[in-house]
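Okay, so subunit A shows up in both of these, paired with subunit B first and subunit C after.
For the complex of A and B:
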């Protein structure tokens, strides 16, 4: 697949292949673990517990062999999405003010809430990157199928994951052609319309590709089901991992209630 | 900006979002017959790729949500297609969240589908249809994101309003780009617009 990619595809590659321990787990355990951990962390209400939840997340990231640089950049991008919310909270939650300018009071309560949101969001994002980001997308699709996600959705997921790289290569080719004709992106109606035409051409070529793919799949007797060839079994390692996760969860819950 | 991370919205909002998403997914998956599967898969890969294309706006840049286009081309099947995009973004980039996925899906896919169905009625004039569907989808998403925040607590009201304002430039870019896309499709591959999704 990577031979088809013209531009450096670093953004799409997982930051690193999973190191043995996480890679030896059944993909289903990784999906379930990510869900369970996220559900637990979302429910935490106290700041010490949320900070403590960062520890297992960091441990998972280390076990998965995530590279610190790209991972931190992704976390920063994630926080960027919420910057408005986080910055407005200290002003809107009231409570005692830490410091104030005229009518603007930077409140203690809101600061605590913003830090809580930031910590919980980072812990979950980190665990997801470690547990799911290092999985092959096909493996993730098969794990979803084994977990009784509707087969049509799984087929859609696996097929799209396969074509992301192909379409990126096509996009890079068209974009290069535009550059060769002197196009440089600027905030103007012309630029937006040209990029719209570029994406429109991508739509056209992907629809035509879809027709060819569909014909080829029909030839091979496709009836809406992708056959699952993986033979993953939950092993002792998976049960050990589940036990460790359960203990961690119980400790976090106790810390949260204390 | 349409991705709310985990840990922000309250439990009732999470449940409401999940319920809306499950309903939309059920409707969408029923329409996703094996014949339509490759087309939907190709388009959801495209939505993911399009989210990597940056449109310059002033000193900053935005990326398209392509909701209006998804709605026009796929109808209710836009729900599962956008869901795939969100799962890919969550798994590859850690964007959005896990528990909040239902809320994010409802916020993006519901306005996209409704605006797309509206846009289909205007296809006699493709550029207008594209612009209307795109603006409707973005405006609907802005309102729903603001609502999800505001309903999670009074303290988020200001943030919700501020976020809604940041969607205005995206609305302009998305309208121009989608009008161009649908106009191009009408010229180059009109049968793709006629297909009843």
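For the complex of A and C:
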């Protein structure tokens, strides 16, 4: 039988590096911490407190061992999303103008508000990237289940996480087959129709796959309950982390009210 | 007196669309300990026959008995499914849990095992297919061959008496195929295999049944 034994390390996963601090926390703590931190930051009203909130967010990113390049790109994507609001605020909030150009007045209050939104958004995004972005989707599913999120949602989440890759592979295969026959996207009716067929085919094949998966689940006695085997325990590290977060939160709140 | 067959199909008819019947009065018996190859052209209805045997689809006419009891409704098949393991053509259809151990333990947990029992059964099944140590791996990140073996383990963990294998070697490379065949060859279960891989069929089976024009012969 020995020839049959496969080595678990033969997989396509990246080699395991030394685990950063956040990775040693119970995933539940990370979900709760992300939620608590985001709620707190959303409630901040003063600019100094919002800027101060960036500090723990950056610290979390460091503790999670996030790569600077991709992280900044993701933040830039988020800020690009907000840019219209940020640019229009100084012109629309009124109040004393910082400088004027004809009828256009760049207002102080609007600038303050824009910077506030930018810093708060960045702090939340950074903390979520650090706390949740580094979790495996399966770990996140387990954590949600143990946080008593309704089982139906957890099942939906876990199954989506499982099959999104399969769907993506199916999409990639179909796209490749199209390219192999000389398809290149253009703004033409033919192109839109072909992409429509591609999407339609994906929907149909996903539906069929869902039926086959459900059949396989029924064969193994599925009765609406997805069993998760997970033995994470909260350790001293988690309590220490929670305490540090609580102190940080309290300091931010005091700074905000001062 | 010969012992009662595990599966007995008598004059079974089935059609997905009335105009194109798949089975037109199929008769078939599967006895304990048999190793049967199910042959037939693409689209002949081989997979459908497997699905009928475990009640995923119901015959429009005819009689189907499994393990000595006649099966007519969905509820009649619950006991059949616990004793019959069906391996799907595409393992991605079969493995839906986040981690390997959860997937393998899913069946036993549904059968009412406690968590430690289910875990032990899962470990044992993974051992049997040569995948010890794969418990906490993420299912969708496995290779095709590993997925097929895990899918087999999910079935074996339920301790079935009969295995229905739908193209088990399909899409596997030579090493994975050899590994799978070696595992299958060592299993004591009654076996029924659909395959176009003649070498695999002659290695695994001793009786050949052909499905043609909606009828079973051989």
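The definition used in the following text is that the second predicted complex is superposed on the first by the 235 of 258 C-alpha atoms of A that agree within 3 Å, B and C clash if a C-alpha of one lies under 4 Å from a C-alpha of the other, contacts with A are read in each partner's own complex, and residues count from 1 in each chain.
Basically, a residue touches a chain if its C-beta (ideal position, glycine included) is under 8 Å from a C-beta of that chain, and two chains touch if they have at least 3 such contacts.
Every value quoted in this text rests on a predicted model; they were computed, and no experiment measured them.
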Contacts of A:121 with subunit B and subunit C, given as first, second, both or neither: first
Partner chain in contact with A:160 - subunit B first, subunit C second, else both or neither: first
Which superposed partner A:82 touches (first subunit B, second subunit C, both, neither): first
Partner chain(s) touched by A:228 [first = subunit B, second = subunit C, both, neither]: second
Which superposed partner A:105 touches (first subunit B, second subunit C, both, neither): neither
Partner chain(s) touched by A:146 [first = subunit B, second = subunit C, both, neither]: neither
In the superposition, subunit B vs subunit C on subunit A residues touched: B
Subunit C-contacting residues of subunit A that also contact subunit B: 11-12, 137, 159, 161-163, 166, 209, 213, 217, 222-223
Footprint of subunit A on subunit C - complex, ascending: 51, 54, 56, 78, 81-82, 85-86, 88, 90, 92-99, 101-102, 105-107, 109-111, 115, 118-119, 129-134, 137-143, 146, 154-155, 158, 179, 182-183
Subunit B - residues contacting subunit A, complex: 1, 3-8, 14, 25, 29, 32-35, 37-46, 48-50, 52-58, 64, 66, 69, 73, 80-81, 83-85, 87-88, 90-95, 97-100, 149, 154-159, 162-163, 166, 173, 176-185, 188-189, 192
Residues on subunit A engaged by subunit B in the complex (per definition of touch): 11-12, 14, 34-35, 38-39, 41-42, 74-75, 77-78, 81-82, 84-85, 88-89, 91-93, 110, 113, 116-117, 120-121, 124-126, 128-129, 132-133, 135, 137, 140, 150, 152-153, 155-157, 159-164, 166-168, 171, 185-187, 189, 191-204, 206-211, 213-214, 217, 222-224
Interfacial residue positions of subunit A with respect to subunit C in the complex: 1, 4-8, 11-13, 136-138, 141-142, 158-159, 161-163, 165-166, 209, 212-213, 215-223, 225-229
